[in-house]
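Below are two complexes that have chain A in common, paired first with chain B and then with chain C.
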Partner chain A sequence: MSAPSILRSLFAATFVAATTLSSTAIAVTEAKVVEVKGEMIDTWCYFSGVMGDTDATRGTSHHTCALWCAAGGIPVGLRTDDGEVYMVLKFEGEDALEETDTMMEIQSDIITARGKHYLRDGVNYIVVEKVVANDGITYMSHEDYDFVPPFAKPKKKK
Partner chain B sequence: MLFRTLIASTFLITASATAADFSKDSKAKSWRLYGEEKAKFSGKVVDLLCELAGDCADNCGNGHRNLGIVRAADNKLITVLKNRQSSFNGGTEDLLPYCNKNVDVDGLMIGDDDVVKAKFYQVQLIRVTGEEKWNKTTRWTKRWKAKNPEAKGKGAWFRRDPRVKKQIAATGYFGLGHDFDKKYAAENE
Partner chain C sequence: MSLIGKLPGFLTGKVGIAAALVLGISAGGLGAALSVKTELPANATPDPAKFSVDPSNTPGFPKVKGGDFDLVDHNGNRRTSKNPEGKFQLLFFGYSNCKAICSMALPAIAEAVDLMEEMNAPITPILITVDPKRDTVEGLRKSVGDIHAKMVGLTGTEENLGVAYKAFNLEKKFLFEHVEEGAVYSHGSFIYLLDAEGNFKTLFAPVISPVRIAEISAGYIAEGAKSATN
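Here is the complex of A and B:
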């Protein structure tokens, strides 16, 4: 390779690298209005695998644990049928995500939500402005997994 | 001269753009989670809603909003799901004292979902950047006790929490009502 062509390659590499760096430095926060349908989930158990796989950490089997996590301030997500998860930032007029009963009442429900969608660094976030429909809890995961975790099973009353 | 400058700048820029090894010098404890990677880094604590949508609140929402960290090395927004405690505690209470401050954190990046190509963070240690002493992220249960004096008693907080108890009283352990729970219990004794 001749000196001029090396020089051209270096110019090109510098340009590509600089472009890559600057694009990662700019936050993508433009909102799009979306309507999505999915299950309200506890994101920690779902993503970490701490309680089992992603089928076990949804639906009826994991409902009590989802209540514990929502009360504990773990972010709630909306998981669509194709596996996309939207981190819920705000919910239909509510401001205090961790303190409202709404976030407890809708755990494991399948809802259709309309709102603003933000995508940044590979993570979907949503501000739910309107719950268009709520189908309730429909994923009967207890049929396969019983209680997740097992200690969520209520103790027999003596 | 120009040639050398170009080589040096190319090297520097590409090195910055390449993913850094955040596990270096990390003291985070393993939890054996999906896609777990130790991660120690510096950044600014932010209210996610403020950072993304410009909807800002005093003191990052006073504990009522999800918080994250904008990582200094690459400007990535890191969503924090968890503190270091093992009983269903989020990370907000432990990040809140550092709202909009520059911090050093140590913990775990987790997640290897097939669809969601991103990782989330469990913060185990935190300090204001420049300070020497690390703080363990264990504020949650202390704050819960202070907020729920009526729930005093033995056992884990989540079995005594008024909001959890209220919801289970309303719709049962599976969320489908008490009759459903009773029928399942009778069939699976």
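Here is the complex of A and C:
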């Protein structure tokens, strides 16, 4: 099996596990308004394993790549400290699903969001109605991982 | 303060999206970040025990309007949201020349289609273009077969495509003209599951594996005429 194949199978399992752990056997009758605090992450690189350790796909080390992915239409997630990930379905002030304008401004930030939580097919989704607080980027992951991926490092002008 | 707030003005806001992607593409950024092949490991097969709609789904999921598009397929035939084959549909918005998320999502859909064929739960894959200038009927005819033999490519006028985008709350933006690849677009990347009538059933983030797409889709098909737990 090729390395990408292994990663692919791993991330699928990781994603399912990460998004179902806290949600099983809960009889929900309607969407609950929740307030969650966590980091805005690039869900592709976080779950796919293409960038290695998930911690390397968060914070400052991955900020540039996270912008690329958000700009390209990759859904953004909100990851809490305990590892729960909420796929952001819609954001305050945005009309479209996955609209990227606001996402570009807050990618990698630690935010506290209030919104409606939906569980769908084992995945947590949130419709963010209000950003209660924004602590900015606080995870200085570049101190451990430098730039992830390495080619995200700006080239010096000659 | 967000780091992006410390970046030069051209790297923030709407212009920043394009600028960031230009930087990304020029450095192999997004394309390289997404260049993992969607191969299935040999032992990964759908689990029949999972062929049911998840009972813990939250009612009232903010489903998209769905349906209502009226476009032209890659053979030049009119195609609406209702599937003439009477099958469920996996719908994705993208474009043939996309080197980023489409190159990941479309092969994943193709794999899910093959898996569902083996599960005796056939489904129709559909690509609605966000690049009608290049994805003409002729252009799609040349490209969709490379994705999957059963892939249906849909194009149309900007007006008719706009109706489809609006029905699925899709955002698409022209970003820039790449020297070699031509027009580059940003677009939403959810994969939508529709029934044969074109009604929205659920959606998948592109990180969901083909196996899970197949299992979940088979659950909704098995549910039959019953509406999803909304």
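One rule holds for everything that comes next: the second predicted complex is superposed on the first by the 124 of 158 C-alpha atoms of A that agree within 3 Å, B and C clash if a C-alpha of one lies under 4 Å from a C-alpha of the other, contacts with A are read in each partner's own complex, and residues count from 1 in each chain.
Here, a contact is a pair of C-beta atoms (placed from the backbone, for glycine too) under 8 Å apart; a residue touches a chain by one contact, two chains touch by 3 or more.
Since the structure is predicted, the reported quantities are computational estimates derived from the model, not experimental observations.
Of the two partner chains, both chain B and chain C are touched by A:V127. Legend: residue contacts after superposition of the two complexes on their common chain; A:H117 is shown touching chain C, with no touch to chain B. When the two structures are aligned on the shared chain, A:T54 is found in touch with chain B, with no touch to chain C.
By the touch criterion defined above, A:P149 reaches chain C but does not reach chain B. Of the two partner chains placed by superposition, only chain B is touched by A:G83; chain C is not.
Note: residues 6-7, 11, 24-27, 29, 31, 43-44, 47-48, 50, 60, 63-65, 67-69, 71-75, 87, 89-90, 95-99, 101, 104-105, 107-108, 116, 118, 120-123, 125, 127, 137, 152 of chain A belong to the chain B contact set and to the chain C contact set alike, using the contact criterion stated above. Chain contact summary for the complex, chain B toward chain A: residues 2-3, 6-7, 9-10, 13-14, 16-17, 31, 33-34, 48-49, 51-55, 57, 61, 63-66, 74-77, 79, 81-82, 87-93, 110-111, 113-118, 120, 122, 140, 158, 161, 163-164, 166-168, 170, 173-176, 181, 184-185, 188. Residue ranges on chain C touching chain A, taken from their complex, read 1-5, 12-14, 16-18, 20-21, 23-24, 27-30, 32-34, 36-42, 44, 53-54, 56-62, 64, 100-101, 104, 168-171, 175, 186-190, 202-209, 211-212, 216. Interface residues of chain A, counted against chain B in their complex, comprise 3, 6-7, 10-11, 13-14, 17-18, 20-21, 24-27, 29, 31, 43-44, 47-50, 54, 60-61, 63-65, 67-69, 71-75, 82-85, 87, 89-90, 95-99, 101, 104-105, 107-108, 116, 118, 120-125, 127, 137, 142, 146-147, 152-154. The residues of chain A lying in touch with chain C in their complex are 1-2, 4-9, 11-12, 15-16, 23-31, 43-45, 47-48, 50-51, 60, 63-65, 67-69, 71-75, 87, 89-90, 95-101, 104-109, 116-123, 125, 127, 134, 136-137, 149, 151-152.
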